[in-house]
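Order of writing sets the chain letters: A, B, C, D, E and F. Residues in each chain are counted from 1.
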Amino acid sequence: MINSGDTAWVLISTALVILMTPAVGFFYGGMVRKKSILSTMMMCLATLFLISLQWVLIGYTLAFSPTKGGLIGGLQWLGLRGVGQLSNPDYAATIPALCFMMFQAAFAIVTPSLIVGAFVERIKFSAFLVFTGLWATFVYDPVAHWVWGVGGWLRALGALDFAGGTVVHVTAGFSALAIAMVIGKRIGYGKDNMEPGNIPLVVIGAVLLWFGWFGFNGGSALAANGLAVNAFVVTNTAAAAAATVWMILSWLHRRPSVLGVATGAVVGLVAITPASGFVDTMAAIVIGGLAAVISYYMIVLRMTLRIDESLDAFACHGMGGAWGAIATGIFASKVVNPAGADGLLLGNPGLLGTQVIAVAATAVFSFVVTYVLAVLVDLVVGLRVTSNEELVGLDISQHAETI
Amino acid sequence: MINSGDTAWVLISTALVILMTPAVGFFYGGMVRKKSILSTMMMCLATLFLISLQWVLIGYTLAFSPTKGGLIGGLQWLGLRGVGQLSNPDYAATIPALCFMMFQAAFAIVTPSLIVGAFVERIKFSAFLVFTGLWATFVYDPVAHWVWGVGGWLRALGALDFAGGTVVHVTAGFSALAIAMVIGKRIGYGKDNMEPGNIPLVVIGAVLLWFGWFGFNGGSALAANGLAVNAFVVTNTAAAAAATVWMILSWLHRRPSVLGVATGAVVGLVAITPASGFVDTMAAIVIGGLAAVISYYMIVLRMTLRIDESLDAFACHGMGGAWGAIATGIFASKVVNPAGADGLLLGNPGLLGTQVIAVAATAVFSFVVTYVLAVLVDLVVGLRVTSNEELVGLDISQHAETI
Amino acid sequence: MINSGDTAWVLISTALVILMTPAVGFFYGGMVRKKSILSTMMMCLATLFLISLQWVLIGYTLAFSPTKGGLIGGLQWLGLRGVGQLSNPDYAATIPALCFMMFQAAFAIVTPSLIVGAFVERIKFSAFLVFTGLWATFVYDPVAHWVWGVGGWLRALGALDFAGGTVVHVTAGFSALAIAMVIGKRIGYGKDNMEPGNIPLVVIGAVLLWFGWFGFNGGSALAANGLAVNAFVVTNTAAAAAATVWMILSWLHRRPSVLGVATGAVVGLVAITPASGFVDTMAAIVIGGLAAVISYYMIVLRMTLRIDESLDAFACHGMGGAWGAIATGIFASKVVNPAGADGLLLGNPGLLGTQVIAVAATAVFSFVVTYVLAVLVDLVVGLRVTSNEELVGLDISQHAETI
Amino acid sequence: MKKIEAIIRSEKLEELREALDKRGYIGMTVTEVKGRGKQKGVMLEWRVGEYRVEFLPKIKLEMVVEEKQLNEVVGVIEEVCSTGKIGDGKIFISNIEEVIRLRTRERGITAL
Amino acid sequence: MKKIEAIIRSEKLEELREALDKRGYIGMTVTEVKGRGKQKGVMLEWRVGEYRVEFLPKIKLEMVVEEKQLNEVVGVIEEVCSTGKIGDGKIFISNIEEVIRLRTRERGITAL
Amino acid sequence: MKKIEAIIRSEKLEELREALDKRGYIGMTVTEVKGRGKQKGVMLEWRVGEYRVEFLPKIKLEMVVEEKQLNEVVGVIEEVCSTGKIGDGKIFISNIEEVIRLRTRERGITAL
């Protein structure tokens, strides 16, 4: 039976999550140099267009229709055939099946937009479009099926991922690392200063991400109930804890910067994502706080290694998501969610093992498939603009526009 | 009986739609020259203030209280007398009458803000206020009554308009054309370059419009049910399809620009508006995709004719809304909405005829009445600033401010 | 029993209110000079982090757990112990207790961010953090308890404050005045021009505040019912009325500015806050319109007195909130809210007296305690940056960043 | 060669560019500056009341020309930019010793 | 006539304007520039760690004055803008051959 | 002393700064300007079709140097900034009569 309160909540949550994709565009767009701000925003917008269509045509059926051996969905729901206004109790008994489809669409859309941070300021727009279409189909859709699809092998194994720590963040983060390695550094990387072009725009992005994340995690309860509320509360708390810790870390180093706390907040949001339906508020403080430490030092390491994974999708999403998934194995509690499981601290080390497997599997799969896709796209279309186009900036060279 | 889920959904939808009016201000404000950005935003803000008051005082009763011959509502609900916390089953059985009133207020507010695109950078602020007040009362309120009021003649005829293709977009678009013709071109139009002053602001506007449109169309179900979900899904899909097609069209021409895809998305949202409660997702792809083609070439034509309907409210809203209303006559299906009707493709050509009548009637009425109002305001107040004020820019000359 | 529609509404309202804190950052950030925009935004962001943590750890229990003599809550719910997914009928019978806690968190967060307007461009960031933590604990938490806590002395007295006229706006406004007096004027105040650095950012902030306020007032019904709708409608109406009146006042003086109407709108929103669950739409027009007059002339007075309460939190929030609380005593009606009371106009002068007491008590308490806290922080940490740091701007000197 | 530095009203730039274009003067560099002169500043609106902005946005146009072209160019600028109202701006003329076109490394008048 | 081009700290502009105002020097043009000198740049915070910005925001103030006023104006600028710390800036003085006031088409010293 | 005023492509600034740095030329001032020359402007995309922007963003780099350094600096600029394509920019050289370092109030060459 369709419940109007649950439907209202999942609908508005969906709208919030869809807002996150352009928000990533603001967040990333403000962090690149002035000559490529529009290009960065454009890539996130294009992800929204492209995957909106890919998902209703093919993505949803690959991820959620009846499984083929636990690895991938079938083609039964191609073009949304049979996905209608009645509920599908396999996934959510009190909202229309179309509503579940759309909520999931928002996740499928936002995930590839996170990878944009890896190749800003140097990718050819056409290559970006091809890559993103392929990535959604060959990385996101299978992993979503493994973890969330009925019959998916990680779901069957008992892996817990409330709102996408593995499906969204581990995939995006490890893929970002892979494609950054293929496409190479920006000209002048490590030598020229790469001043962020518009910090207020970064803040607008971060704030809309925080706002949207209430739908991301809260909506993942698929109902307007106590579990949704729990997810909402721990989301806010973890973000606050992570931003605070990041502020302290950068203060110890020198000065607490706006860029820093905005990043910290996002890292906290990432880390609580898989855990948000299984842990309580005090655990959220720990999860968020440690996430900040982990991602902070991962960025330090990344810079030391002189890898131009330009906006640190790997350090923030890859590591944040991995930590969150593992933390779920540590802090999960059946008091919070009877349908979940107890974690290590409540005497169940098994869950932690399962979580590690889930992280490892999605990380390796994402890295390898993305690496192959990136090399392929490079061969066929060419990933990178000419050095002259790169120096002039992607706004002019790819879109004939300036801010 | 008031249903809390439905009320929650219509309330949040109302908030989303109210957000759209300033979003139009960002969208338009970023597209004009730097010297008139604030003025453009100001006009949209002022629309929000003015019509918020006009609606509760007189607008709502003119549009929705018991009909006077199908042409206009009476004065029964003047100052919201009798519009209370209980439901009015004539319009929405499960939400308070005041909630329906407010949802409709948001539509009445956003519609005149769309016309702002016609006369930016040259209208006198006082004249703008007078015009907008008159337009709401003499154009919007009657047309809203015809199409949505109980007893309205177009509603009685069976015309379908789920969320305002005719009431909102056809009226605004054709009115924009009329007032643009009365006020005339900007100095230097077609000669000076008229660089958009702030493209990131355009994107922020477009993104908030997309976000708000989920309330616009989804909320028009007046309940949190399968129909709302359908409207939500087709809205997102049509926007994505239109943006994608626009991207391709401008790429064929030269380069895919951010301004272009932002415009394309809005056009797709416009076109799906009347159809969103009657068509399915695959139809939405067609409706959105064709809308982009229609509006794109209408802008080309408009520029060839050297009409300075500056931000193309006619091409985007007038034509987009008309196409959407006609498309409803083609693609509507009772499977999606049993309370609707079947369209041409399901063997009912009658609906298409009705839709054409509704479009024609609202277009002609809006154009003619707006033309007369514009001429009147020009005579009494003077529509246009002096050429010196225009050259200096409206920000300084009308508001004594600079960005 | 948990109601899904009510829970959905309060959850989304909470998200809206949380968005308001960064929105204050945009609103204020755009109003200061370019060299301190980031610092101003940063202080609002930091408020969000800090008080999110303070509230779940200690604030909530101080404000809402069983009373100690009507003056303060106990420590029973320290760290949210016992605050769970079931409802607490003392506060809200149809939503989880955790949901009520989170909704209240959003209020506790946004309130100190309002005070930021008092000391922008000259406060030491470390001192700001210490002050804000103390203020939340020693001013906000007690007053919240007095007015909203079960057993709080003002609540027991029958004072009405639907959504925080006293708890939020009177406390913030009078505290802003106190700390502005302690910290002193900016260098060059009254001599150098202090040009607003980014007016579009002010508009973005004001718009998000307006949007968020639907959750602020509408959500305070703690259910998706007719009362929530009433609060929503009067909120929009009062904002519109106040913005319109402000526009007229500044036009009479010289020109209607965007800064002016944005301020007017916020003042209208402030004034309707305590009244929104007790008055009808026509009263809202009066309340909003008069609020604009009061705050407008209070700013004139404040400038004449050459007090650098830089962004007029006192005039807008202190006076707006006080007027709204008193107006509740005048216009309240049991027709709107049977659980409320009738006001002066309906023949009950008693309520007005109670409201005046509530305003006076919170104003005096806030002013005095804040003054003492500010002096203490000044002694221990030092409130103010060096004059060199002030001249260079807080962005560089406190955060090593530039826009 | 001479450098003409003209501080003009922003709103005159497009018209001036066209007028110069017509007579074949293409090369120029413009900068957004803030100026102050007889027209001491402008009052702008604050939330309530107004404040004085001491500097007004102006356009600085720089053109390096041959000496024999000097009068013509100055004439065009005067023509287009004099409105007779305070704030019209000023022209400053100074000497340029050498010009180099980076593309071709040409020097002197041919490099203009 | 002489052109005084002073590169100064942004935060000194208001004070300098007032000091000049008091002595009757009203006309001036300012530009936001980025400079580099002994003070080679500044370290700004990134999300983690910091990066060097090679150019610092400075204000370029241009004033054309009569020769006999030169010393007074330079004196005022030195007075206000010397803090003794690296980054104070420089003054460059050059020759201006002609000045034209666009409003009146006056030439020479009276046009200043 | 001479003032070198170079109008260059924005994307060349970093490279030029480094090249000058290497040879010990640190002091310089840069301004974001808009220029117009042989390369008459650029077509940018509008929502539909395109429009001509008459001025292109350029960087103006100003350096005041001793006369004997002039050739070296000009050489470096030519080296780095000539691509041979339209739009490379120009260098203008003029005379500077006096330089003052505000920090120390030194005058002349030692103030550079």
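Basically, contacts are C-beta pairs under 8 Å (C-beta built on N, C-alpha and C of every residue); 3 or more make two chains touch, one makes a residue touch a chain.
The model shown is predicted, which means the values in this text are computed figures rather than measured ones.
**Student:** For the interface formed by C-D, which of the candidate pairs B-F, C-E or A-F is equivalent, sharing more than half of the contact pairs by residue number?
**Tutor:** Having compared contact pairs by residue number, the answer is B-F.
**Student:** Round to the nearest whole Å and give the separation of the Cα centres of chain A and chain E.
**Tutor:** Result: the chain centres lie 49 Å from each other.
**Student:** Taking each chain's centre as the mean position of its Cα atoms, how many Å separate chain B from chain D?
**Tutor:** Centre separation, chain B to chain D: 44 Å.
**Student:** Using mean CA coordinates as chain centres, what's the chain B-chain C distance in Å?
**Tutor:** Result: the chain centres lie 34 Å from each other.
**Student:** Distance between chain C and chain F based on Cα centroids, please, to the nearest Å.
**Tutor:** So the centroids are 51 Å from each other.
**Student:** Spell out, as numbers or ranges, the residues of chain E touching 2 or more other chains.
**Tutor:** 14, 31, 43-45, 50, 54, 94-95
**Student:** Mark out which residues of chain C touch at least two other chains, giving numbers and ranges.
**Tutor:** Where chain C meets two or more other chains at a single residue, that happens at 3-6, 8-9, 12, 193, 198, 204, 224, 254-255, 257, 259, 262, 399-402.
**Student:** Line, ring, star, complete or other: which one describes how these chains touch?
**Tutor:** Topology of touching chains reads as other, fitting no named class.
**Student:** What are the touching chain pairs in this one?
**Tutor:** Every pair of chains in contact is listed here: A-B, A-C, A-E, A-F, B-C, B-D, B-F, C-D, C-E, D-E, D-F, E-F.
**Student:** Can you list the chain C residues touching chain B in their complex?
**Tutor:** Listed in rising order, the residues of chain C that touch chain B are 3-6, 8-9, 12, 16, 198-200, 203-204, 207, 210-211, 214-215, 218, 223-230, 232-233, 236-237, 239-241, 243-244, 247, 254-259, 261-262, 265, 280-282, 285.
**Student:** Contact residues on chain B for chain F in the complex?
**Tutor:** 193-196, 250, 253-255, 257, 259-260, 262-263, 296, 299-300, 303, 312
**Student:** State the interface residues of chain E toward chain F in the complex, per the touch definition above.
**Tutor:** Contacts found on chain E: 2, 6-8, 31-38, 40, 54-55, 58, 60, 74, 77-78, 81-95.
**Student:** Report the residues of chain D in contact with chain B in the complex, numbered from low to high.
**Tutor:** Listed in rising order, the residues of chain D that touch chain B are 10-11, 14, 18, 42-45, 50, 57.
**Student:** What does chain B use to touch chain C in their complex?
**Tutor:** For chain B paired with chain C, touching residues are 2-9, 11-12, 14-15, 18-19, 22, 25-26, 29, 37-38, 41-42, 45-46, 48-50, 52-53, 56, 79-80, 84-86, 95-96, 98-99, 101-102, 105, 125, 198, 201, 204, 224, 398-403.
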